[in-house]
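Below: the structure, in C-alpha cells.
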Amino acid sequence: MFRFIISRVLQAIPVLLVVVTITFFLVRVAPGGPFSAEKAVPPEVIKALEARYHLDEPIWQQYLGYLNDLVHGEFGPSFRYPGRTVNELIAGGLPITAELAFYAMLVAVIIGVCAGVFAALKPNTPQDYIPMSAAMLGICMPSFLMGPLLVLVFGIWFEWVPVSGWGDLPGDKILPAITLGSGYAAFLARLSRGGMLEVMSQDYIRTARAKGLPEWVVVLKHGLRGGLIPVVAFLGPAFAGLLSGSFVVETIFQIPGLGRFYVQAAFNRDYTMILGTTVFFATLIVLFNLLSDIVSVWINPKLRHQLREGK
Amino acid sequence: MISNKFYTLIILFCLLLITGCSGGESNVTTGNRDGILHWGNGTDPQELDPHIVTGVPEHHILTALLEGLVLKDPATLEPAPGVAERWEVSSDGKIYTFHLRHNARWSNGDPVTAHDFAWSWWRALQPALGNQYAYMFFPVKNAEAYLNQEIKDFSQVGVKVLDNYTLRVELSNPTPYFLQLLDHYSMFPVHRPTIEKFGAADERGSLWTRPGNFVGNGPFMLTEWQLFKKVDVAKNPYYWDAATVKLNGIRFHPTENVTTEERMFRSGQLHHTASIPIDKVAVYKKNNPELLHSHPYLGNYFYRINTKSPHLSDKRVRQALAMSINGQQIVEQVTKGGEVPAYTFTPPDTLGYTAKRGFEFNPEKARQLLADAGYPNGEGFPVTELLYNTSEGHRKIAVAIQQMWNQYLGVNITLNNQDWKVYLNSVDNGDYAIARAGWIGDYVDPNTFLDMWITGGGNNRTGWSNARYDELILKLAPTASDRETRYKLMTEAEAILLDEMPVIPIYIYNSKSLVHPSLKGLTPNILDYTVYKNLSLDSSYQGKPFNNKNHSGEAVH
Amino acid sequence: MSSSIPAAEILEYAEKGTSLWQDAWIRLRKNTLALFGLGVILTLCLIALMTPFIAPYGYEEQNLLLGAAPPSAEHWLGTDIFGRDMLTRIMYGSRVSLMVGFIATGVALAIGVLWGTIAGYAGGRVDAVMMRIVDILYALPFMIFIVLLMVVFGRNILLLFLAIGAVEWLTMARIVRGQVLSLRRQEFVEAAVSLGLSRWTIIRRHLIPNTLGPVIVYTTLTIPSVMLLEAFLSFLGLGIQPPQSSWGLLISYGVETMEEYPWLLLFPGLTLSITLFALNFLGDGLRDALDPKASRD
C-alpha cells in the first residue's frame, strides 16, 4: 500500500512539470502583452516595466528563473495588481473557491446519493423514474443555464435570496452552491443507483435479510459500503470538474474566488497569475486524484487484494 | 425505511435555506444612518499608488485619499484652491508660483509642505516606477528629458521649493491648461516617510499603500482594502477642510458586472452606481427618471482610419465614409444610452470650447465624393476590414455602420474583432484599415483631444500628418495671449482635422449612473468629477430607491 | 420502458438468426425514450443542414426599430435587441453547436480508436508506454488548458475542434484498448493470425468492427459533453466568437437581459437542454441495446 502511494506521488511530478512548461510557453506566445494600453506609454517606462518583470531576458532564462522560484514556493508578482504577489491573490481567492466547492459537493452528495439510493430500492417504479428523470435534467441543464434561471426565479421574482456576492449578505451562498452542485448531484444519483442496484442483488444482502435484519440496516450498513465504491472513484475527477465549474458560477454570481481570478487573468494577459493559478490547480487536481485512488483501493477489498498480490 | 439521520439532514438543510433568507438591513439604510456612502466603483482597483495606477476606479478612490495643489469647481470645472490657496502666473505664462496653505496636514498630523510636492514629482518621474502617466509632467521644463535620462540631475527640472510653503514650477512653454493637469492623480503628493519606510522610493508595489500604512492628505483615510470585496475610507480628522466634510466614510464596492450592479442598486445596496445596463435605460426613463443621472462625458467614440492604406489615403474617401454614417440613428437605436452624435472631435463645451461642426450626415454628397475619388457607387473599392475590440456593444455599432456604408456607398466592409490586448497591439502596429477607438480626455481642455494628432504623436496611430496642424497645436495655440485667441486657433486646427478626417467621430460619451434619492450634493459635469466633501446623506430615506417619497421614517418599499 | 414483441416475430427471428446489429436494433426499438432521442437528433440535424434554405429571416437582418420583441406571428421565438429573429439565430446556432459536437467527437474518435487499438493489439512495452502517456495526459487539468488555448489562439474555430477533441480522446482510447485486449485472446483472431493475415488487416477487418459497440455508445455520449463544453467556453467569452453564433453564445447574451427579455434566455436554453437530453437518452438506449449485461453507469 505504501509503495503504491509513493509510486503515485512520483508519477505526479512529471505531470506537473509538463503542465508548467506548456503553460509557460503558451502564455508567452499569446499576442498582446500585459502592458498594452490605449494611451501611448513612454518607451522608457515600458523598458523599466519589462526589466522589472524580467521580460527583457531571453525566454529560456525566464523559464528557468520561474522554475527556480516555483521550487521555493514563489509564484511571482502579479502584473495586474502591482502591489500583490500571486501567492497573495491565490491565498485570498482559495478559501472562497474551496468553500464554494465544499458546499457544492455537500449538495451533490446529499441530494445525489440519497436520490440514487432511494431510486435503487424500488427499481423500475415511479420511485425510480422520477428521481432519475430529475437527475437527467440536472445533467442536461448546464450550470450557466441553471444559475441564471435560479437567480431569476428565486432572487429576482421571489426575492428570497440575494443574487450576488459571497458572505456579504445572509443566504448568498445558497444559489451558487446549488448551481454548482446540481450537475454532480445528478451524476451521483445515477452512479449510486447503479452501484446500489448491483450490490443489492448480491448474495450477502440476501443473507443479511434472511438473518432478519431491518431493511434500513441492510441498506445502510451492508449495501451502502459496496454501492458507494463507484461514487468514491468518481469524486476525484469530480473535483477537477468542480474547479472548472467554479469559473462559470463565480462569474455569474460575482464571487471573488480563484476561478474568476483565473478567467480574468487570462483575458488581461497577467502572465504570472495565469501561470500561478494553473500550476496551483494542477497540483490540487493531481492531489485529489491521488487521494481518490487511495481511498478507492482502501474501501474496495477486491482492489486491495489485487494490490497486495501485485497486479 | 431510511434512517432518521437522513431526515435530520434534510431538515437542517431547509433550516439553512430559511435562515439564509431573512432580510437584514440594506447598505443604504445603515449607510444613511451612519453617514457611510456606498459607491459602486466598477472594476476592482489594481493599486492605490497614484504614480502607478491608470484607471478611473482608482481615480475615484484616490481623490478621496489625496489632494493636489489645485482642485476644480464641480459646476464650472475651473481651477479652485486645493492644497495651494493661491497662485501667480508670470506674464510669459511659463512660471507658476504656488502658495500652499499652512494648515494642510497629512493623515498622521504631519504638515503638507512644498517639499512633499517636489519629492512626489521626482518620484513620479523615476523610470523604474513605470508611471504610465508620466507624460502629464512633460509641460514642466526638462521633465521629459529627465525621464529619458538625458538629464540625470533632477535639480534641472522646473520644480523648485522656494520655502516650506511656496513651490515654483517652470514650464518649457506656456501651457494654458497647466492648472487643469494638477488635479490628475499622477501629480498628487505622496508621503515620503511612509514610502521610504516600506522600500525604495521607486519600488513598484510596496506595502505602503495598505490600510494602516497609507498616509494621505485628502478628506478621507484608508481603513480597509479587501481585493474584490471593498475599499473602505473614513473621515480624515487632519484634513484642512474637515469641517465641511459631511460624510463619515465611503465604501467603494467593486462592481464589474453592470447587470449585477443594477440589481444591487435596486435592492438598496448602493447609493451610486458606476454605470447602467443599456436595456435598463428605457425602463428607468419611463418609471423612475429621477434616479437616472445622465450627462455628456469628456470622451469621444470614433473610428481611426489608416491613412497609409492606399485606398484610404485620399481624403475624399474618408469624408465619404464619414458622411454616410447616420449618427442620430446610431445613438437612438443602437447605443440607446442618451448619447449625442459627434460632428466634431472635441466634445462641445469643453471648458467653453466648442468647435465648428466638421461634417454632417449627407449620403448624396458622400456618394459624390466617393465617385470623385474614383469609386463610383463603390465599384473597385477593395474589401476593407473594420477592427474593433471584442464587445457586443462595439459590434452592434460596427454592424450598423457596415450596413450604412453598404447601403449608401455600395462599399463592402468586413468585421473583425480581437481581444482587448491583441487589438491594442494591432492598432499600435498599424495593422488595421479602420479601427474603432475611444478617447477620454485627461484634463478639461481641448488640447487633450487635439494634440493626439500631431505628426508622429504616440496616440496618433493613423499615419496622418499635417504641418499647419502641428504649427497651430504645438507653437501658436500654447503661446496665444488669451483664451479667446487660443480657442480660435484651436478651432482652426480642428477644422483641418475634420476636413482631412483621419478619424471619424461617431458619438460623444455619456456618463450614466443610478443615484439613490438620499444622496445629496452631486453636481453633474463633463468629467463626472465628484467632490466628496460636498456630499451628504439624508437619513430620512429608506433602503430601496423606489417610491421613496414618504420619508417620515416609515418603511416604504 | 419495455413493450412486448409479438410472438410471431420472435419465432421468425429465432428461425432466421439475427446478427448482433439486428439484436441491438430490436432492443433499441423497445426503448421509447431512446427512439425519441434519435428522432430529435435526426430532426435537428435535418434542420441544421437545411437552415440556409428554410430560415425565415437573414442571419444578420436587423430591425432596429422593433428591438427586442416577444414571440409573435412574424417572429415565432421573438427577436433580440437588434430586432434579429431568434428562430433564425437559434437555427444557425444549431449548425455551429452540432458541428462542433460532431467534428470534435470525430477527432476524439479517430485518435482514440487508433491509439487504443494499436496499444491493445501490440501489447507489451508498446502498450505500457502508450497507456502511460494516456495516464499522464489524463491527469492534466484540461479545462484550464483549453481556456488558455482559446485565449492565446482565440478566433480559430478549427482550433476549438482540435482542443476539445484532444481532451476527449483519452477515455475513448482506454475503452478501445480494453476491448481489443479481451478480443485479442479470442479464437477468431488466432485463426486470422494463423491464416497469415497481416497485422493491419486483422486490426482493420476483425478488431475494429468488433469494438464498435462500446465505441458507438461512448461516442453518442461524448457528443453532448462536447457540446456542453463548447457552450461553456462560449459563455465565458472564450469559445465561438461573434459574428458566428452558437447556443452557448446566445445563452450568454440572454443571461444579460433575462429580466427584461426572458425569451432570449429561454429559447436557446431550452433548445440546448432538449438536444442534450435527446443525446443522453439515445446513448443510454444504445448502451442497453448493444450490451444489456453492462451495468448502468
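Letters are used for the chains, namely A, B and C, taken in the order the chains are written, and counting of residues starts over at 1 for each.
In the analysis below, a residue touches a chain if its C-beta (ideal position, glycine included) is under 8 Å from a C-beta of that chain, and two chains touch if they have at least 3 such contacts.
Predicted model, so just to flag it, every value in this text is computed and none were measured.
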item	value
Co-neighbours of chain B and chain A - touch as defined	C
Pair joined by more contacting C-beta pairs (B-C or A-C)	A-C
Rounded Å distance, chain A centre to chain B centre (Cα mean)	39
Chain centre separation (chain B, chain C; CA means) in Å	48
Rounded Å distance between chain A and chain C, as computed from the means of their C-alpha atoms	24
Residues of chain C touching at least two other chains	151, 237
Overlap residues in chain A, where contacts from two or more other chains coincide	31, 156, 267
Overlap residues in chain B, where contacts from two or more other chains coincide	419, 422
Residues of chain B defined as touching chain C within the complex	259, 277-280, 283, 329, 333-334, 390, 392, 395-396, 399-400, 403, 415, 417-419, 422
Chain C-facing residues of chain A, complex	11-12, 14-15, 18-19, 22-23, 26-27, 29-31, 124, 136-137, 139-142, 144-145, 148-149, 152, 156, 190-191, 193-194, 197-198, 230, 240-241, 243-244, 247-248, 251-252, 262-263, 266-267, 274, 277-278, 281-282, 285-286, 289
In the complex, chain C residues that touch chain B	60, 62, 64-65, 67-68, 81-82, 151, 154-155, 237, 241-243, 253, 256-257, 260-261
Chain C to chain A touching residues, read off their complex	1, 135-136, 139-141, 143-145, 147-149, 151-152, 224, 228, 231-232, 235-238, 248, 251-252, 254-255, 258-259, 262, 265, 269, 272-273, 276-277, 280-281, 295-297
Chain A partner contacts - residues on chain B that touch it in the complex	1-3, 6, 9, 13, 16-17, 19-22, 24, 46-49, 52, 54, 127-135, 147-149, 204-207, 209-210, 227-229, 256-257, 260, 263-264, 267, 419-425, 428, 437-439, 442, 457-459
